[in-house]
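Note that subunit A is present in both complexes that follow, paired respectively with subunit B and with subunit C.
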Partner chain A sequence: MKIYKLKTGYAEFVNVLLRKGKKVVAPTIYQNTLLFREINSVNEIVLPENYINTVRSAKEFMFPITEPVVEFSYKNKELQLDDYEPEVNEKVIIGLRPCDAAAFPVIDDIFNYEYKDAFYNKRREETILITIACENADESCFCTSVGIKPDSAQGSDILLKKNTAGNYFAYASSEKGERLVNQFLDILEEIIELVDENPVYKQTAEKVRTPLELEKIKDWLDKNFDNPAWDEYGARCLGCASCAFLCPTCHCFDIVDEMKYNHGLRRKNWDACQFPVFTLHSSGHNPRDVQNKRYRQRVMHKFKYYNDRFNKILCTGCGRCIRACPVNLDIYQVVSGITQTGVSK
Partner chain B sequence: MNNIYKPFLAKIEGLNWETPDTKTFKLKFIDPEVSEKFSFRAGQFGEYSAFGEGESTFCISSSPTRTGYIECSFKVVGKVTSSLNNKDVGDVIGFRGPYGNWFPIEDMFDKNLIFIGGGIGMAPLRSLIWNCLDLRDKFKDITILYGARSVGDLCYKNELKEWESRSDVNFVKTVDPGGEDKTWNGKIGFVPTILNEISPLPDTAVAITCGPPIMIKYVLQNLENLGFKPNQIVTTLENRMKCGLGKCGRCNVGHTYVCIDGPVFTAGQLAELPDDF
Partner chain C sequence: MTPNQIAKELLESKKVSVVVGYSNGSISGKTQTLIARTPEQAAKFIFNKYCVNNLAIYLTKVYKLPKPIGLFVKGCDAKTIVGLIQEHQVKREDVYIIGLNCEGVTESLNGELLGKCRFCEVHTPKLFNVLSGEAISEKPFDVSEKFERLNQIEEMPVEQRWEFWMKEFDKCVRCYACRQACPLCYCEQCIVDKTQPRWIESSAHAVGNLSWHFIRAFHLAGRCIGCGECERVCHQNIPLGLLNMKMAKEIFELYGYKAGVDADAKPPLTDYKMEDDQHFIR
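Up next is the complex of A and B:
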């Protein structure tokens, strides 16, 4: 991994990206909410010192909330199927946290095993992720539980990190990152010597929740598909799916047709396993007919099923599901609690 | 760009009402190249689209030995199937597939086959039955037990007559008590009960079953009581699907995706799955 010293501050770096004609996506305040959006001016960004994390993760830039996948129309009553190509431009997402960047290598697997989702892959190829290491954490963060650290580079193309003196350094952690760096050598200076470790990252790692015992959790989940604990969580869970929509690794979707006059689009929309109709058969039968089963599916998918199939945990410890849950159902407490008592505290 | 969500276009070449609410379409791909290259195995399924309404999942109910077309049978229940129902011969629908695994037909060579079907569950079995009948020499005795709620609910009525008249097929039909009419000459009783009456021998036999979940449950129990080993019983599962590609996340039973790892499972494999279907 090559390391470069930034000759400018963070904001000026964003400014240079914009000046050189890059499409830049960064955390901005939109309707009182901190969200990733495409920016036109550096004045729109929120500086990393001022946020723990955005409300929604960065996954929507690879896997949009809604996107057309097939286009069709009727011309003189004759059905025509068009070759739908998504408009994808090269863009830079800057200011995402290591937990969001780490989500992409995890969901790359689901979008590429057996059948390759070209919509996801095209966006993935055209997007450069510039991650910013965390100098702070809140009470919901638990990244160290799932193999991520406040200054991890996994999934990032470039990781921005400070040295003790407070200067930013860019760690180019992929070929894509290297290529971007090479276009900005006027503001980036390659350095050979090691950068001194800023203790703030270690301190942040200590601020996040105590690491989970993943093996113990997996072992419990392997044996406890049927357990009264699920009934308790099911009774609390409202099934609103806020957790799934904010999660950087949740990837379930629906396929829906929309038609106006004689033109139609088939769309891929975000969906969630917490909704009763998600698995409802047309016969009326529903394999996951009550919230207990749907909540169990969520926990099992994250910590067991995905692990069984891809040897990865479908969670990056970003804590969004904990912050957003209207009934304070806390997945960290759930999985740490079940291994001890069978039921969470 | 290789778009995995893009369907092939297929023209409805023929249609047949199987029951008052179940229809069969005979489909031919419009693109001659697709038509020529397309191949599938009995047991596989596809996503059929009524453009403007959406997609539905059905198996391919025709046999892979009959090339140049595919057939599907569906019950008119929801938005997509209602829209498909409104289509006529000559209309165009979409098809993505074939998806999923298939019946292990090579493992059934030189064995006695017992097909046990219920209602619309006959559709995937029909694909395999014709596949086997077209390669009749490769199998020993073939028994088909087919039941439905009532006489009117039996699908593929013309083909049932053909199977009944063939000397190389032992065909047994039944309807649930109360479902018979004046002309009914078959059995009266639930499929699992009639299965016990026939009592097929488990030696060098394979049982293939599909039907409503409650029927499958008791058929599996009765087969095991008759001495069938779990790996001698093959069934096909169905779950709600959207993508059919192992991505959209709704058809899983435990870590098993019905669309990728199934829909065909042996009773042994089913027993390993958590009770989530």
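Up next is the complex of A and C:
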């Protein structure tokens, strides 16, 4: 991994990206909410020291909340199907956290399992991720419990870290990152190795919740598809799916056809396993008819099924589900609790 | 008596099957729902200014708890139960209300109270089986104060107001947390989940999002008691409470009706009187 010293500060770096004509997506305040959006001016960005994480993860730039996939129309009573070509441009997402970047290598597997999702893959190829290492964490963060660190480069094309003097360093961690770096050599200077490693990243790691015993959790889940613990969680869960919609690794979608007169679009929309209609069969039967079964699905998918299939945990410890849960049903507490007592709290 | 003691006694005497209340949360500013089935578990109950949730949700939603249910209830939450009784969703005898005096709740660490609490006129619940502590004095209902936040929006020129809402709805991801957290959104099949015919597009585009928030506001007209749960759970910070407040204001001005006050009253949209205002029927 090549390391470059930035001759500018963070904001000026964003400015240079914009000046050179890059499409830049960065955390910005939109209608009172911290979201990733395309920016036109550096004044729109929120500086990394002012946020722990954005409300929504960066996944929507590869896997949009809603997107057309097929176009169809009736001409002379004949159905005509047309591939829908998404407009995908090269863009740079800057300011995402290591937990968000690390989500992409995890969900790459499912979007390329059996069927290769052209929409996801095209966006993935055209998007450069510039991650910013975390100098702070809050009570919901638990990245170190699932194999990520506040300064991990996994999934990033470029990782930005500060040295103790406050200068930024760019770690080009992929070919894409390397290519971008080569376009900006006037503001970057290659160095051999970072000598004054900033202790702040270690300190941040110490702030996040202590490691989960992933093997023990997996072992418990393997044996406890039926367990009264699920009833306890199901009874508390409102089934609001905030967790799934904010999660950087949740990837389930629904396919719907929307039509006006004789023309329509088939769309791929975010969906969540917490909804009763998610598994409702056309016969009327619903295999996950109650909330405890739906909550169990969420935990099982994250810590067992995905692990069985891809040998990965479907969680990067970003903590969004914990921050957003209206009843404080805390997944960290749940999975650390079940291994100890069968029922947490 | 503290709510813990009340809960413990209720479970010991088997007057209730479960007690639903609050316990310490895992992060600052949050409390966790606790469903106690034994007197021992009741020791974990707490009540403080972070007890924001409207627990009446557990009477109608998701998981059917065994009855009768003991419930921690603040003044505003009691209004929900009034609404649910009016609409025959809950039988009065199936819920044992542990009334709690409340001087306002918050989720913020700086202690700033939720908007609804600033104009609260029910610090003590109007409906309860047992009250923890002594009833506290009430502020009278003041229409101008109550709808203050709404007036700011209504004063905007129509184009600006449209732009405001379109920008707000633009953030909506259609997670339906607003619906799930609403104790009065109890339909077994929500209109948005109907596919044959599809009344409301489920996609998170401008048309779909506008239709969804529009229809939800209409379905709650004259029913929403203003607990604010929809707005609280919206992680996209869409000011959903304003939509419901608008409907509440219309209903109040047209029929002089306030939802959640009288369990024997007929909600105006299910009732008809000769003297009802008809100016909008043309």
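A few comments on the model shown:
Note that in this section the second predicted complex is superposed on the first by the 343 of 345 C-alpha atoms of A that agree within 3 Å, B and C clash if a C-alpha of one lies under 4 Å from a C-alpha of the other, contacts with A are read in each partner's own complex, and residues count from 1 in each chain.
Basically, contacts are C-beta pairs under 8 Å (C-beta built on N, C-alpha and C of every residue); 3 or more make two chains touch, one makes a residue touch a chain.
Nothing here was measured: the structure is a model prediction, and the numbers come from that model.
By the touch criterion stated above, A:Asp330 is placed in contact with subunit C alone, subunit B being left untouched.
In the superposition on chain A, no contact is made by A:Ala137 with either subunit B or subunit C. In the superposition on chain A, A:Val200 makes contact with neither subunit B nor subunit C.
Of the two partner chains placed by superposition, only subunit B is touched by A:Arg309; subunit C is not.
Of the two partner chains placed around the shared chain by superposition, subunit B and subunit C are both touched by A:Asp254. By the document's definition of touching, of the two partners only subunit C reaches A:Val290; subunit B does not. Touch criterion not met for A:Ala101: it reaches neither subunit B nor subunit C. After overlaying the two complexes on the shared chain, residue contacts for A:Leu81 are found with subunit B alone; subunit C is out of touch.
The contact surfaces that subunit B and subunit C form on subunit A in the two complexes overlap at residues 254, 256. The touching residues of subunit A, counted against subunit C in their complex, run 30-33, 35, 55-56, 65-66, 138-140, 232, 234-242, 244-246, 254, 256, 258, 267, 269-270, 272, 275, 277, 290-292, 322-324, 326-330, 332-333, 345. Contact residues of subunit B toward subunit A in the complex are 1-7, 9, 49, 51-56, 75, 77-78, 81, 92, 94, 213, 238-240, 242-243, 245-255, 260, 274-277. On subunit A, the positions that touch subunit B within their shared complex are 69-70, 72, 79, 81, 83-85, 110-111, 113-119, 122, 225-226, 251-257, 259, 264, 266, 268, 271, 273, 278-283, 285, 287-288, 293, 297, 300-301, 304-306, 308-309. Subunit C meets subunit A in the complex at residues 23, 25-28, 30-35, 53, 57-58, 61-63, 65, 167-168, 170-171, 173-177, 180-181, 193, 195, 198, 201-205, 208, 229, 232-233, 235-238.
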